[in-house]
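Below: a set of structures, written as structure tokens.
You will see chain A twice below: alongside chain B first, and alongside chain C after that.
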Partner chain A sequence: MDRVILHSDLNNFYASVECLYRPEIRDKPVAVGGDQEARHGIILAKNYLAKATGIQTGEVIWQAKRKCPALVIVPPNYPLYMRYSHLARDIYADYTDQIEPFGLDEAWLDVTGSCPLFGTGTHIADEIRERIKAEMGVTASVGVSYNKIFAKLGSDLKKPDATTVITPENYKHVVWPLPAGDLLYVGRSTNKKLASCGIIGIGDIAKASPAYLRLRLGKWGEVLWSFANGYDSSPVARAGEESVIKSIGNSITTPRDLETEEDVRMILYILSESVAARLRDHGFKCRTVHIHIRDKDLFTFGAQGKLAQPSAISSEIAEKALAIFQANYTWEKPIRSIGVRGGDLVTAASNIQISLFDDENRRIKQENLEVTLDSLRSRFGHHSVQRAILLQDNDLMSINPKDDHVIHPIAYFKEGRLP
Partner chain B sequence: MNTITYENPNKIYVTVKAIFFPEGLLRPISLIWEDGREYMIDKVLDIRRAASLKAGGTGLRYTCRIANKETYLFFEEGRWFMERK
Partner chain C sequence: MNFSIEQKDLASLTNLVYRAASNKNAIPVLAGLLLSVDPESGLTITATDMEIGMRVSAKNVDVTEPGSVLVNALYFHNFIKSLPAMRINLQYDKETAKLNVIYGRSTGFINTYRDFEYPNLPIDKMEDRITIPQAVLKEALKKTAFAAAVTHFRQVFTGILFDVKSNGELKVVASDTHRLAYFSYEMEQAISEDTKFIIPQRTANEILRVLDESDEPFKIAFNENNVVFYREGFLLMSRLIEGQYPVYEQVIPQSFSTFINIKTSTLGEILERARTMPGDDSLKMQYIQLTVANNELRINAYSELMGELDERVEEVDIEGEQDQKISFNTNYFLDAVRVMQTESEDIQLKLSGTLGPAMIQNPANEKYIYILVPLRTSN
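This part shows the complex of A and B:
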């Protein structure tokens, strides 16, 4: 039997919530923008009036203002968006326990087992839309299909406040004429590769031979081929099922460009402290450290290295991150943003191989010290204890990456597994 | 992170006297309007989750009968508000 899968997408989520709470701007072009002072000055979301002027998400605010001088920019209110996201999930939970969130504003629902109770997938989709409108004051687009990929495509087709159904009978007419880039996981570079071999639409991917796609794109080629043909069989995760954490990371766009290694060292320490604290919160240690650098021309690269011992000690993570940085960055340009991530996680309680050459007692002391710091900070605030290295720069030391950002997107493929 | 507050002339936060029943039910008894007058809530006709487009917000919406008129009273995040007519 075919599954019945819905993908619900709250339209222009941040902007819609802001427009609900600020009736005076509802008839104006509105964008939610990051903090300009702290230089996160990009467009995070926009309403339809702003979209009509050609403004794109991710664009810097001054560029957007040039396209649309009347643009109203409001700051993001994440706690409110979180509350809204939960309200939507409460509605979904009336229909199924298989809810898989994809960011704050999207979710897949598997309602196969609920259809005898509530009616067809289309009926449930319409009911969910009505309830979101009445109970939350925003709108949603819902895609209904027999797999997750087509359900997601469906929710993108008609906006706002619409239901789109993609069936085994109509998918060739509905899905295949769409550009390849609409398919989940076809990004800019995959799109370019596909275009270079004459594959423009999703139908072209479906009709190409999987062996050929594998040759051009590697393992992803076959995955995309199965997506395009509707063969995706990945399940919708159950609500409450803890997503498996693969890595813990933090990144930041700094209040000013970083010019020297001292600047970078400082930021790496700030980020590593937050990563280490979050590792400890979750009871993990990491075995690899990844760094991510973006220079002021938005060129991005990443590199990683292995730790000698699994660790949740901030100084070990920071020193490793710095070593990777020194080995890889040539300082052609100042740095705009930087990220540290601990990967290859093991549970903190698991046995470790003790090193003959390191002083293990010192490491245990260090660990205890950091746990003490965690409790000091939770009682007296994040800035109650600081590393001396951070006292060199007031702009940079005010950053608190652990608590300032609470939104961590959830990966589509859990545990790096392909469908 | 700083909390953002919204100023909206059509969203009127009011003082409400209410009873919390041991079963968890919450029933508003009277409200004090911005002019300081207290109005008795004669009957609660309906309770449901609903958004207020006029006032900008969402919460539990109590449809109340006050002096023979039906009016909405919203309970949102621990505060009560009404829509300006």
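This part shows the complex of A and C:
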């Protein structure tokens, strides 16, 4: 029996939520953008009025303003979006327990087992849309199909506030004429490769031979072919089943360009503190440290190194990150953004082989100290305790990566594996 | 060049040196063996990849015409070792640049490198010399080299330290930071000043292939960058590992809280059994937990995947503090016990607390010490 899968996409989610809370801007072009002062100034989301002027997500704010001088830019309020995201999830949970969120504003629902109770997939989709509109004040587009890929395609077809049904009978008419780039995982470079061998639409992918696609695109070729033919059988994860964490990292575009090693040292300490605190939150230690640098001209590079011992101690992570930085960065340009990531995770309860040349008792004390700092910060706020090194620069000191950046990227395939 | 030699003599020579030739293609001549003959010194074969270099020589050859050629080390060695055991004749043909090999009524030839420039082994200006019996050098390397790290971001931990004191004490030390093996020996001669050098693990393994149990002296000469191990008819030159070896004396504990004497064979068997337990979690580390209480030693190995092993050790003698639990990496422990199995019926284990380093020793021999650092466990 075919599965019944819905994909619900909250329309212009960030902008819609903002408009809900600010009646005065509802009839104006609105975009949610990063903090212009702090320079992470790109458009994160926009409403339909703004979209009509040609503004695109990811665009720099000043470019957007040039296209639409009347554009109202509001700063993002992630806690609010999270709340709305959870409200939507509560509505979904009335229909099924197989809910797989994809970002804050999208989710897949497997309602195969719920149809005898609530009616057809289309009926459930319409009911969910009605409830989201009535209970939350925003709108959603819902795709209904027999696999996750087509359900997602469906939700993109008609916006806002619409239901699109893609069945084994009609998918050749509905899906195949769409451009290849609409398919999940066909990004700009894949699209270019496909176009170079005459594959323009999703139908062209479906009709090509999988062996040929594999030749051109590697193993992704076959995956895309099965997507285009509706052979995707990946399950919808159950509610609460979180994807396995592979690494924990933070990055930041700094309020001003970093010019000296001392600047970098400060930022690495700020980021490492956050990485270490989040490792402890999740009960992990990391064995490798990765850094990621983007310079003033947006040129990026990354490097990594192995820690002597698995660690969730911020100074160990920071010093390793600094050592990697010193060994790899030649300071041709000032730095615009930096990221630190702890990888190769082990659970904090794992046995650790002590080193003959380290003082393990000192490390234990250090760990206890950091746990104490965690609890101080959770009671009195992040800025209640600071490292002395950060007192040198007020701009940099104001950064709080742990609380300001909690959006995790989500992969379609769990544990990074192909189906 | 033209000479004759017994096949098995030539094969045993090439077997010693061919591994010193480079197996990378960056500099072609380094993949070669340099064969030189002259009536006085006989046959000399040299191979080097610039990290390590070896030279062997033999007098039992009949030299008709002196000269030298460079041949590919691997091809030459494989060919010579497969020849029948008989006297063989090797002749270099200048016109074709081929080395003809004549064995009985059959012949073969091996291509040679033309107009090659083969590097000299940098063995000039080596003054500091120490001499130790082969058997001692063999014991020293065998008991320490395995403890060095295979890879480590601090290069010195991938090597074996030779710490030579001016009073004639020689200390050979290797550590991967988790365990440390220490061997000491009193040489008959004194040297001018304290010196230290660190040899790569590969060098140690190559010398071990050559050494036997005899008391024949083996000489060691060194300068800042290189070390040479040599005896009559054999020479091995190696690059030294640069860097400062940490002060190992400081991490060898001086006092202990608990002393345990066990039969070496009993402990060995337990550890071999414990080693059948797979390591859990992503670290894949196999470990054992020792519990000392009521004059009893229990050794426990546990694996979520496989099961559990709980041994009460027979014939054990415990002195000092009791009531403690301490965990070790099974394989690191077993490495030490395997060394002890070759020389002693009993093994002494000295503990210095749950997180402090432990010492494993032959109670009758203070010359060899193995330090093992415990695991920090969450329970």
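Observations on the structure shown:
Keep in mind that, in the parts below, the second predicted complex is superposed on the first by the 409 of 419 C-alpha atoms of A that agree within 3 Å, B and C clash if a C-alpha of one lies under 4 Å from a C-alpha of the other, contacts with A are read in each partner's own complex, and residues count from 1 in each chain.
Convention: a residue touches a chain if its C-beta (ideal position, glycine included) is under 8 Å from a C-beta of that chain, and two chains touch if they have at least 3 such contacts.
From a predicted model like this one, the values you see are computed outputs, not experimental measurements.
By the document's definition of touching, neither partner reaches A:Asp94: not chain B, not chain C. Once the two complexes are overlaid on the shared chain, A:Glu259 sits clear of chain B and of chain C alike. By the touch criterion stated above, A:Tyr21 is placed in contact with chain B alone, chain C being left untouched. Of the two partner chains placed around the shared chain by superposition, chain C is the only one that A:Ala308 touches, whereas chain B remains out of contact. In the overlay built on the shared chain, the residue A:Pro75 is in contact with chain B alone; chain C does not reach it. In the superposition on chain A, A:Phe357 makes contact with chain C only, not with chain B. Put simply, chain A touches chain C in their complex at residues 305-306, 308, 310, 344-358, 360-361, 364. In the complex of the two chains, the chain C residues touching chain A come out as 153, 175, 177-180, 246, 251, 281-283, 285, 287, 327, 329, 355, 357, 371, 373-378. Remark: chain A residues 20-24, 75, 77-80, 83, 87, 133-138, 403-404 touch chain B in the complex. Residues 1, 3-4, 6, 8, 10, 48-54, 56-58, 77 of chain B are the ones that touch chain A when the two sit in their complex.
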